[in-house]
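Next come two complexes, and both contain chain A; in the first it sits with chain B, in the second with chain C.
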Partner chain A sequence: MKAVIKLHLKENIKKNSFIIFAILGTIVSLIVLFELEFSVNGMKSTSDYAIYGIQWRILSIIACLAGVTLSMNVIANHRQGTKRELLKLHGLPVYKQYLSLISGNIIVAFLMALILCLGMFVQIIIKGTDVTFFGFLMALFFYLLTILISTLFISLLTIIFPSVVAALLGIMIIILGNLRGTLEIIIGNKGGIFGNIMTVFLKFLPPLDSFGQLIIDFFMKEFSDFSKLFSSLFYLWLLIGVTYLLTKVVERNEN
Partner chain B sequence: MKIKRIYFFIGICLVAGMYFTKIDSIDKDSLNLIERAREMDLEQKLWPGYKLSKYPIDVNYGSVEFRYDNGEIIRQKPTLEVLAFTAYPEENGSVIKVLPKSMLRQAINIMGDISNKEIEHYYIASLFHEGFHAFQFENSDVFDIEKSQNISEEFMNILYILDHDEKYQNLWLEEERALVDYYKKNDKEAWLIAYNKRTKYLKEILGDDYDFYMEMENEKELIEGTAKYIEDKVLDILRGAEKEIESLDLYQKGLNKFYERGRLKCLILDKDKAWKENLFNLDITLTDLLL
Partner chain C sequence: MLIKMKGIKKSFEQKKIFNNLNLEINKGEVFALIGPNGVGKTSLMRIILQWDKDFEGEYVKEENIRIGYSPEIPMFPEILTGRKVLEYYMEVRGFDKSRYKNESVSLMERVGLLLTKDTLVKNYSKGMKQRLAVAQSLIGDPDLLLLDEPSAGQDFLGQQQMQDLIGKLKEDGKGIMLSSHLLYDVEKVADRGIIIMNENLYRHFTKEDFKDMSLADMFIELSKEASHESRN
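On to the complex of A and B.
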């Protein structure tokens, strides 16, 4: 399994894309920093919350979308090539191959996500924000969990659907997942059968907005919502279990 | 096998965590804000006769609701089918219906740029806003407040036409600027000219619907404008600074513009009139009071 992950990383880690991500992340950080400082001064108030809140949110959305582009073709390509049978002959069952590929996707997405944040990290060091090391580490941890949950979801979709469909669904799910709380109230406000059905549907979406809140809560030392913490982590726990079971089911079907 | 054990152990921990943090009363954050709002209510005199603490507050968690009534918390089934911040007339009097703070936060903090403190301010201000509607329910014989909260389709259709009429948008903004000047420089004449220009155009394009539209516009300004006036007053107190009055450069589509315009008229009236007493029983509009 480890060998497959290593091979996957070797094939997917390209220097060029990392440089592009570092530049992209820095541009986002600079735009947010200068634009917001300008408008914040206009309001005669200072707000680290606005500056870092928006950066964390934009960067996690970009990183989630990067996870989609990264994962969309991996399973399909693996199915088409000869590696699948070769690895099977060497005793690695198909479900473990899929799990290795998904793990590889997650590791590459993590690396890209970290590089995206470089601009913000430099900004935190230079600007000297009122943030504790623990708060920063926890924010980083939940930022990576956001990427984990979205990449895992997309990888799951690519196992079931053709890559293009999975990518489109993935993008839609990332957008809806980031607006889940807002949509819950908008739909809940409509009421009726449609509202009730949609409310249930929303529960299946990854709670990306909750993870976003947890990131900024820990970063700004404002965390207090344990209920949200446990329910978000429980969703991730379930998703990992579903991924494992699904790879087993797919293996059985393919055989 | 070891991984599976760890996985299930984590699952058990998470389920236990969810169990111990499950909703069995109003959550600490929301409760704290309700109590802060009630404390503030004792200290401030925002409107003659209006006391937020008079009304029970229902916090709706979707599947379950908790009523806060003078320090007592009662569990009940949600009495409203929808999730909303609103006031609701019941047999024993009006009730304020709200959502927990966490839900409000998740709904409005889409970009993650609003601080916790600011959300708390919005929450408290919303309690006062909806509480004021409850006060209006109980103190108006002239307006059917319940009816006015359910916006008629006919009014929304007219509003849609006006919102997409560029000339009307410009006339509205012109009046907005004139109103701000009225507030800042006491220039009533300029506002009157702008107001008459807009209503003249409205008569031209709406014909027979003009009276209906104006009645609805005035009602919205009175009901929502006064509630917005209370809400912003509370926000000013919480922030320790008054919100600056500025005219908008962009036309606001939808109903929000009536909230803002109504509030602005309240601020102008505040300058030199005792106008609040028994307002909702007088069959008078904010515009009438300004004229």
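On to the complex of A and C.
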């Protein structure tokens, strides 16, 4: 598996899409981070919690979208020609090939996320924000978990659907995942059969909003919501399990 | 006996490819697989490799047999050099780093790519990629080699080197299934073989048969028979 992951990293980090996304993404995130001003009910917000909350959320969304772009063609390319069969002949089962590619997707997305995060790091130093090193590290950890969960989800979609469909679904899921909590309240209040079905549907979406909340809570040393922490980690654990099972099912079907 | 196939029947998208195909490959012999494009030569190799299990009939292979495969259209990671491609597959196999460094160079030498071992695959010609595919098939010292059009895109020297390599592999006791459209070259190296014209029309031959009739003539004769059958 190590050889396939190493090759995947080599192939993708040298790709134009990675370099372009890294440059443009860093410029956009730097502009957003330094110029961000927003208001609530016409009142300009000056609270660090609100400002950094939005900034981390924007960073996460840009990084998740980068994950979609970088992962969308990986599985389709691997299915071309006899690549899968040759690796199988040399002793690497198909499900392990898929797991390697998914791991590679996640590492590439992590690298991109860290590059994008440099802007935030620079801003904290320049502005002298009152954050602890531990708080920043925990925020970074949950930021990377957000990228992990979305890239894992997109990778699963690319195994099932054609690349373009998977990418479009991926973008939709990232948007809905970030609005999950809000949508649950809106739809839950409406009630009715449609409301109930949609509430169940929303439960299957990756809890990107919860991760966003955890990031800012840890960053601002205001973490207290353990139920959110455990439910988010439980979703991640389930998703990893589903990924393993799906690769096994796909291998059986392809055989 | 390395492999034996008896009464193989195979259909693909409702079209019959083989109907009662029989063949056997032994150690130290070159078995040629001849036929027009699309007749099912690659499909037959896929059955032997057990990548395709959707067929009827009996397929027996020697216990613990190692099979190497050189595809007709090789697709290797273009960002790697030829040598690194071999090392990549060796690493997948779990070879030690110290072992695969030497073995990759030795394999590149065997297929005549020593001088271009550190050239990126994306800069390789079709013939060079084909040779690299053959080198890849030799990883792990297989007992049976399935070579699908190994001489395609090769220049004259490349074709000669491929013939020499096949000869040496045969001397080493390997069984080789060789699919090729270069009938004069096949005639020089093949011990036995089969011409597949359609799902029902096959002709087995041995190298002794070449004394009376060349492989090209056998092929033409069989294709005439096939067109005569289709007219009736």
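Just so we're on the same page, the second predicted complex is superposed on the first by the 222 of 255 C-alpha atoms of A that agree within 3 Å, B and C clash if a C-alpha of one lies under 4 Å from a C-alpha of the other, contacts with A are read in each partner's own complex, and residues count from 1 in each chain.
Going forward, a contact is a pair of C-beta atoms (placed from the backbone, for glycine too) under 8 Å apart; a residue touches a chain by one contact, two chains touch by 3 or more.
Just so it is clear, the structure is predicted and the values come from calculations on it, not from any experiment.
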First (chain B), second (chain C), both or neither touched by A:209: first
Chain B versus chain C as contact partner of A:222, first or second or both or neither: first
Touching partner for A:188 - first (chain B), second (chain C), both, neither: first
Chain B versus chain C, judged by how many residues of chain A each one touches: B
Touched partner set for A:234, first chain B, second chain C, both or neither: first
Contacts of A:53 with chain B and chain C, given as first, second, both or neither: first
First, second, both or neither for A:251, with chain B first and chain C second: neither
Common interface residues of chain A - those touching chain B in one complex and chain C in the other: none
Contact set on chain B toward chain A in their complex: 7, 10-11, 14-15, 17-18, 21-23, 27-29, 62, 81-84, 99, 102-103, 105-116
Residues on chain A engaged by chain B in the complex (per definition of touch): 36, 47, 49-50, 53-54, 56-58, 178-182, 184-185, 188-192, 195, 199, 209-210, 212-213, 215-217, 220, 222, 224-231, 233-234, 237, 240-241
Complex contacts: residues of chain A adjacent to chain C: 2-4, 7, 10-11, 14, 80-83, 85-92, 255
Residues of chain C defined as touching chain A within the complex: 49, 51, 53, 67-69, 71, 73-75, 77, 79-80, 88-89, 91-94, 136, 139-140
